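For clarity, chains are labelled A, B, C, D and E in written order, and residue numbers in each chain start from 1.
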C-alpha cells in the first residue's frame, strides 16, 4: 500500500469508503510498475503488504454489499513463506526503519 | 476522461446511459495507450481523472441494476497522495489552463 | 464486428444466440490482432464498430438471463468524439464504400 | 481442445465435472502458447474448436449452478466466417485426417 | 502450490481461510514468474499442481459463500493428458524425490 486517493464528487454509495493506491510486488518483493485503487476495510498503512480481493468478492464484507467497488484491501500480510524460507516478514521490514 | 461515445441502435437497457471514452494513466500521470468505454454517473469532464469500477460493481448505483454495463465512472478524483507527496491534484491541473 | 461463428452441438441455453467474431480497434481506429466471440442483441453488420459488455453484464438484457455467455454486443457505435474532434463516425465510414 | 485433466482430491462440488485442457488459437487458426482448464458440457474431442464461456456464465447450464468452475466449454464450433470467406470449417479439418 | 501467506489483521470473513501462494506453470510444466494468492479447500502441499477457480466461483464451496476471496484452490491435479501422451503425473513427480 503506497498512497491514498480522495474523491469528493462521487457515487453516493462510495461515501465513507477510504480509497488506497496500491502498488503490486513480484515474488522477490520488488515493486512493480503496476498500481490500482482499492477500498480499505483494515486500516492499512504505507509500505505494508496487503491482501486485495477483486470483483464481487470485494463486496462480501458486512456493510459493503452495495458499494460500487471492484477491489478491496481485506488483510495486512504478516508473513509469506515458501519452501526455501521466509519471503516476507512484516516485523523484519519494520525493524529496518 | 477524454471523450464520448454515441450509440443510437443499442440494447434497450442502455437507454439514457452516457458513455465516456476513458484513457488510462500510469503512476506518474502519463497517458497510456489504453482506452475503454465506461458509463458515467458523476458528470465527468474532459481531462479530469476519474475512478472506474468494473464488473458487477458497475451496476451497484441506484437505477443501474439492470444496465448491461461492465464499467462505470463512479467518482472524480481530487487528489492522489503518496509517501513522497502529492502525485495529482485536480486544482493544480486546472490552474494550468 | 468482422464475422460469424456457428455451433450446432452446444449448450441448450445457447440456442438462438447469434455469435459474432469481433476484432478490437485501438484509439486511432486501427484493427488490433485481438478477436473475441460475443453474442449479438442488436443486429450488428460487418465493419460496424460495436459496444461489447463482458461478464455478468452480458446477461442483463431481457431474455438473456440464463444464457451461458460472457460477452454481448449491446450497441452499434455512431460516433466517438474526443477533445480534438471526431475520432469515428459511422456515416463517414459508410460514405467511403 | 487438446487434453484432459484428472483430479481425485477435489472440492465436492467438482465431482462429475469433466475437465479439459484447452489451447487458444489466433484468428488464422494458429495455436497460441496459452492454455486453460475448463469444464465440459458438450463432449468435445481432441482438435475440435470449442466455445468457452468464463466467469459466472460458466455456471448457467442446468445442474452447474453450484460448481466452483470459472470456465466451461459450451459449444463445438462448426464454422467461423469472415468477410473474405470461411476461416474455419470443422468438416474440412476432419477431411484432412 | 509453493508457499503460504499469513495475515492476522484481516477482514472478519477471512478468519479460518488458509491462504496459499501459488505459482503458475506453462504447458510444459515450467514455472512461470507469475504468482497469486488463493484460499485452500483441499489441503494442497508444496510442489503439487492444483486447480484454481477465480471470481465468484471461488465462493461456491459450502461454507465459503461469504468469504471475500476471489481465487480458491479446488483440486489437486493427478494427471494432465494430451494427444501425444501424459504431460504431468503427480505420482511420477513424487517418485523423483
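Rule of thumb we're sticking to: a residue touches a chain if its C-beta (ideal position, glycine included) is under 8 Å from a C-beta of that chain, and two chains touch if they have at least 3 such contacts.
Here is each chain with its UniProt name: A, B, C, D, E = Carboxysome shell vertex protein CcmL.
Just so we're clear, the structure is a prediction, and the values are computed from it rather than from any experiment.
K.L.:
Taking the mean of the CA coordinates per chain, how far is subunit A from subunit E in Å?
P.N.:
21
K.L.:
From the mean C-alpha coordinate of subunit A to that of subunit C, what's the distance rounded to whole Å?
P.N.:
The separation of the two C-alpha centroids amounts to 35 Å.
K.L.:
Can you list the residues of subunit E that touch 2 or more other chains?
P.N.:
55-56, 58
K.L.:
So that we know how the chains sit together, what is the shape of their touch graph: line, ring, star, complete or other?
P.N.:
Contact map by chain: ring.
K.L.:
Chain sequence round the ring, subunit D first and subunit E second?
P.N.:
Putting subunit D first and subunit E second, the full ring order comes out as D, E, A, B, C.
K.L.:
Note which residues of subunit B are touching subunit C in the complex, please.
P.N.:
2-14, 19, 21, 23, 33, 35, 37, 46-47, 55-56, 58-59, 66-70
K.L.:
For a test of understanding, state which residues of subunit A touch subunit E in their complex under the given definition.
P.N.:
26-27, 41-43, 51, 53-58, 60-62, 72, 74-83, 87
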